[in-house]
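Before anything else, here is the set of structures, which you'll find just below.
Presented sequentially are two complexes of subunit A, the first with subunit B as partner and the second with subunit C.
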Partner chain A sequence: MGLKGYILKRTMYSVVLVFCVLTVNFIIFNLMPGDPIAQYILSPESRLTPEDVETLRKIYGIDLPYHERYFVYLRNMLTFNLGKTQVTRVPVVEEISKRLGNTVLLMTTAIVTSITLGTLIGTFAAYKRATKTDTAIVTSSLILGSLPVFWIGILMLFIFAVYLKWFPFGGSVPKWWAYTPPTSPLEIIAGRLYCVTLPALTLVIFSVDNWTLLTRACVLQTITEDYVVTARAKGLPERRVLLKHVLKPASLPLVTAMALSFAGIFTGAMITETVFSYEGMGHWIYMAIMEKNLPVMYAVFYISGLLVVIANFIVDLVYGMIDPRIKVGR
Partner chain B sequence: MAERRVKTSTLAAGLKGFWFQFRKSKRGMAGLFILCIHVIVALMAPFIAPNDPIRPTWPGYFPAGEAPLAFMMCVPSWYKYLGREVSENMEVIDGYTFASEQALQKWNVAISQPTRVSLSYNPTGGTLNDGCIEITYSRQANEAAGTSSIRLSYRFTYPYKAHPQRFWIHASYLINGTVSPSTSVHVSFSFFREDAEPLANYTYRGPTYQKDSLLVYEYPLITYDFYSPVSPWRHMWTRSTKREIFEKPWWYRAPEAKIFPTSGNYTFTVDVTFNDQGGARTQQVKVYLDNLQVLLYGNAYGLLGTDADPAAPRDLFSSLIYGSRVSIFVGLLVALISVTIGLTIGLTAGYIGGVVDEGLMRFADLLMVLPTLPLLIVLAYILSPSIWNIVMVLSFLGWMGFSRNIRSVTLSLRERSFVEAAKVVGAGRFYIIRKHIFPNVVPLVYLALSLSVPGAIISEASLSFLGLFDPNVMSWGRMINEFNGSGVAVTKGFSDYWFWVIPPGIAISSLAISFILIGYALDEILNPKLRMRR
Partner chain C sequence: MPTLLDVKNLKTYYTTLRGYVKAVDGVSFAIEKGEAMGLVGESGCGKTTVILSILKILPPEGRILDGNVFFKGVDLVKLSEKEMRDKIRWKGISLVFQGAMNALNPVYKVGDQIAEAIRTHEPNVSKKEALERGRKLFELVGLDPDRINSYPHEFSGGMKQRAVIAMALACNPDLLIADEPATALDVIIQAQVLQLIKQLRKTLHLSMILITHDLSIVAESCDKLAVMYAGKIVEYGDLATIFKEPLHPYTQALIKAFPDVRAERSPLVSIPGSPPDLLFPPSGCRFNPRCPYSMDICSKKEPVPIEVKSKMHQVACHLIGKR
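Moving on to the complex of A and B:
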């Protein structure tokens, strides 16, 4: 089987997976309790006649049998016709575009920072393996990693927003922008940073330990391989050994993890955004689930699933390029 | 039989050797120590925690469960040792004061017309027939009408410099006899404060009088008027949060602060007034009083204070203690179930292979592709968040990584010669899985068990934090959720309410850390490959 065959197979598999995701979403969200029309009927000021209810059901398409609804749903999802939100009737795409920027800003800042820090610290720990430094790094990573993210967030708020008053209590843009909109790009960047720092810091504290431990484990696995000893014995400079012989093969699992965490940007950081009332995707998704905002949930679950599938697909291809051992088609 | 004995002895030897190795790991021992503390606290919760974690009430209050345990947002009572002026809960008059003659001795009785009004103890009366007091008013037909009254006063010392947050007065009553608009009964409660000299910066506009060179301030509370007999027993509550408590409108705001501005001697009185408008007939009225309780709620309670629930504030220390049960229960059960699912699926997929393998692994992929936390929330929402449903949902979404791991190990074990040999002898599939493959993955199972507990604990806490908690169970995540929901941090600042959010956070983290530390110690012992070459 050549490279083309492999790609074809992975593509087929990804397409099937996306269909499965769509189907599972449909099943789960139809299992959710409550009738979407009920909120109109149950409200005390409602004066709906049974005919009105029928009309409403027709408008929302709930009068159709399940299989027909399923196919309508599939068609809409595949053509990215994501519909409008339940009550406010705003197109879902518009709502997403309003929040995606905030979330991307927050998540990229956090992910890039924690990956950089984590890989550096992890490599350092592996290099200093079985010393006090290593033990200290590993133990503190383990402790940091078991702090619940909402608690870190609340502590950050207490320290930096309540006591020191360096950063705002929440929100994605400074409050004064509502009265005096920013004019210069410098002002925009400063205001954004002012608001994004605390949630990003929380996420970094929460996830840097993962990267540290993962990097350390990967590097340790390769640093003790015989070919590394050989490379040292050959008299190669230590730097070259570390970069060429250790880090390159060790980066494989890291690449997977990085790809997946970048694919996870779309859903945002639900808990952190909730703690900081940051206007991003995560908080929005949480509110959508609580309000049973079905169109939003369909769209979000579909798109995030799609992104993860694509990320996995890319990772599979990239693997072959980085690691000569799993070169496809040989 | 002999074979079994050999087996047990090797197992015991193995465990002993394992413990010997484990003991050397400082991290592992630290984790074990923290875990032991948590387990002991969880098991002993009813003995350690003084109150119910969900709906605590004032102990010994009649009717049971009506009076809250404490005022909301109390500070810890040990704040008094830090030099803070606090006031604690105080039971000025307990519910048994009218239930025995001795208890009644503490009361000072003053009767305006002793010929008509009399006070007696009725040993068989009362709401629970355990005794009550009986105030009788009788006037012969030939006597002149008029107003007569009886005053029961109870003197007590209020020891705290800080004023109470609320007072709560309850009494049960029953009124018999010829009560009518022309012969009415009035029951009123009052507080009196004795002061050598009036407090500075204090304007008092109510009645005062001089007594033994002390200026006495009178605070009449509400009066209950009865123009018809009352039967069976009813309750009267006088709470300082009620608007209508005072007869004079200028005491509406923070009455407890005005009545109890500082420590000192106070008197609580019950006045029963019979307002007889006349009439030629003989009048007889009997007023029965029972279960009189006067509670003063302080601004400090317990070891960690109370939360902000306005109706029934909870003791945060009890919540914290009982929270350990939920976390340990959910963590262990979820780890057990999800590891079992992962093991079964991994072994099946790995050993049987083919379509079964494809199907199971694609299902795992599917669950891993969906966004985890939103999916958790949706499932918990669909199933309604009871503790069992949360366990189910977390286990259902927690097995995928481990089953992949087991599958890959099984794939390599399948090709080993001992499996080939077993096959040649004619062993069945499940026999081989049970006898030859499973024992080889047992170390992985232990590891996965200890490492999936913290994940489950944190997930449960996160769900609770987001509001998906079992309403009948107190968990640490719920405490933090309620803290966030109360808005205390924004409105009142953090300084006095840190004990609401720091302890549960430390508890969650330390429990999770203990399992992670144990897991890593196990990992070093069970995976010799990880032992580092230097």
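Moving on to the complex of A and C:
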């Protein structure tokens, strides 16, 4: 089986996974207590008659039996016909297009920084194994790793926004853009970075310990391999030995962890965005859960599930690129 | 012309939480150009540490405390890391490390790994030229040159071993160190690989250190023998002389532990006990707790190597000192 077959197989897996995500979402939201229509009845200004409620149920399709609702739901999700938000009546797709970019910017910045830093620090710790440097790195990673993300966020706000006044308190774009919109692309990038730095830093602190410790463990396992001794005996400089002959074979578990951690960082992003009132998917879903905004919840859970599946798919492909043994096997 | 490699009183210890592991404790030997020496001993007696010390690629907890390693008259112990990299490693001394299975990095093509060795030492060779040289080396060791772009997992054990030998020859070294070159291979492949090493040695006039725990391999391919026990060389000298008349009880026991195909079948004699803990080696002669001829003095005083008869045979044993 060549690369083509491998990709085909992984694609099939991904499709099956998306179906599982959709199904589980459907079950969870239908198990949630409370009728979706109840909100309209409960609001103080509502003057709904039972007939009105029946009409509403028809509009939303809640009168259909579960299996029919499931297929309608599947069709709508797969065609990205996501409906309108429950309170503000804005198309969900429109809201998502506004926020998804912000979340992707935040997560990409955080993940790339965190992985780069963690890999380098972890490799360095493994190289300095059993020394004070190593102990210091491991200890501080463990401490960082046990901090709750909302607390890191508040701490960052306190230090960099309140005390040093380097970065804004929140928002995804600078406040002054409302009066003087940015003109040059450079200005846009600078303004974006200005706002994304603190939330991203929070996420980096929250996730970097993972990479450091995992890299250290993987590198320690590889660094005593015979081919590493051979690479050193070949007269390669130490940095080249570490980065080329140790890190690449050691990176396989890291790549797996990357895919798995994507979901975890997404959760972290959700909390971080809330702390920083950063207009992204995470903040939005937090609000949606608070107001029990079903269309939004369906959409966000679906899209975040989709993102995780896509990340896994990409990682599976990268796996095949890093380790030549994977392409031919199976 | 100076001796090619002259190791004098080499001491390498590993620092552990429980103290120093005296892995190599005063080892001396010399190799002339074109000569092959077998370094024999049980697992964990410090054989590999000797070669890691010579190349100065010890793990961070290992340190050379004392001694000299003269290579073509230059003391390697005093050389800087950069000088070791540029002049000695692979160009002067190359290494076939512990069998075939793991000496090639699984995620790079074999040819690229050979080219890497060449281009590290000859930076103005293009990648294409380096690969071309790799193909020639493949031919030299009896591999199909068209397999140069394969990954290590696409090779059999014997082929991997041949590829590793090809890589070791890439920069025309003066000295080839082969650490357990035939372990983890079946007997027939083992014989082929040893045959190859022998033949290469002849055509390329290579000097060699062959590290093994298998005396029969040494008997077939070396001129000299050094028997190591618990971080020390207990017997050292001309191969034929030692085989004819082993003087140290450990060497005698080692030879007895191997079957002789021509002799009548007799039960093999194993050496009682197990190798000592190098954190706390026995006092006096380190072999004394397992030695059938142990005397009072053996646990009190450390025997010094004594030259017997000819210059080419040294033994560190009180039994011999008495004579």
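Quick note on the criterion: the second predicted complex is superposed on the first by the 272 of 330 C-alpha atoms of A that agree within 3 Å, B and C clash if a C-alpha of one lies under 4 Å from a C-alpha of the other, contacts with A are read in each partner's own complex, and residues count from 1 in each chain.
What we mean here is this: a residue touches a chain if its C-beta (ideal position, glycine included) is under 8 Å from a C-beta of that chain, and two chains touch if they have at least 3 such contacts.
Remember, it's a predicted structure, so these values are computed and weren't measured experimentally.
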For A:305, using the defined touch cut-off, is the partner it touches subunit B, subunit C, both, or neither? Pick first, second, both or neither. first
On the A-aligned overlay, A:232 touches which partner chain: subunit B = first, subunit C = second, or both, or neither? second
Check whether subunit B or subunit C contacts more residues of subunit A in the superposed model. B
Check whether A:157 is in contact with subunit B, with subunit C, with both or with neither, and answer first, second, both or neither. first
Contacts for A:178 in the overlay, against subunit B (first) and subunit C (second): which applies, first, second, both or neither? neither
Quick one: is A:245 in contact with subunit B, with subunit C, with both, or with neither? Answer first, second, both or neither. second
Looking at A:24 after the superposition, I want to know if it touches subunit B, subunit C, both of them or none. Which is it: first, second, both, neither? first
Looking at A:186 after the superposition, I want to know if it touches subunit B, subunit C, both of them or none. Which is it: first, second, both, neither? neither
Shared contact residues on subunit A for subunit B and subunit C? 129-130, 224
Contact set on subunit A toward subunit C in their complex: 128-131, 224-227, 229-238, 245, 248-249, 322-325
If we count contacts the way the header does, which residues on subunit A are in touch with subunit B in the complex? 16-17, 20-21, 24-25, 28-29, 31-33, 129-130, 138-139, 142-143, 145-151, 154-155, 157-158, 162-163, 169, 220, 224, 264, 267, 270-271, 274-275, 285-286, 289-290, 297, 300-301, 304-305, 308-309, 312
Within the complex, which stretch of subunit B touches subunit A? 27, 362, 365-366, 368-371, 373-375, 377-379, 381-382, 384, 454, 458, 461-462, 465-467, 477, 480, 483-484, 489-490, 493-494, 498, 501, 505, 508-509, 512-513, 516-517, 520, 530, 532-534
How about subunit C: which of its residues touch subunit A in the complex? 52, 55, 57, 59-61, 81, 84-86, 88-91, 94-95, 97-99, 101-109, 116-117, 120-121, 151, 153, 164, 167
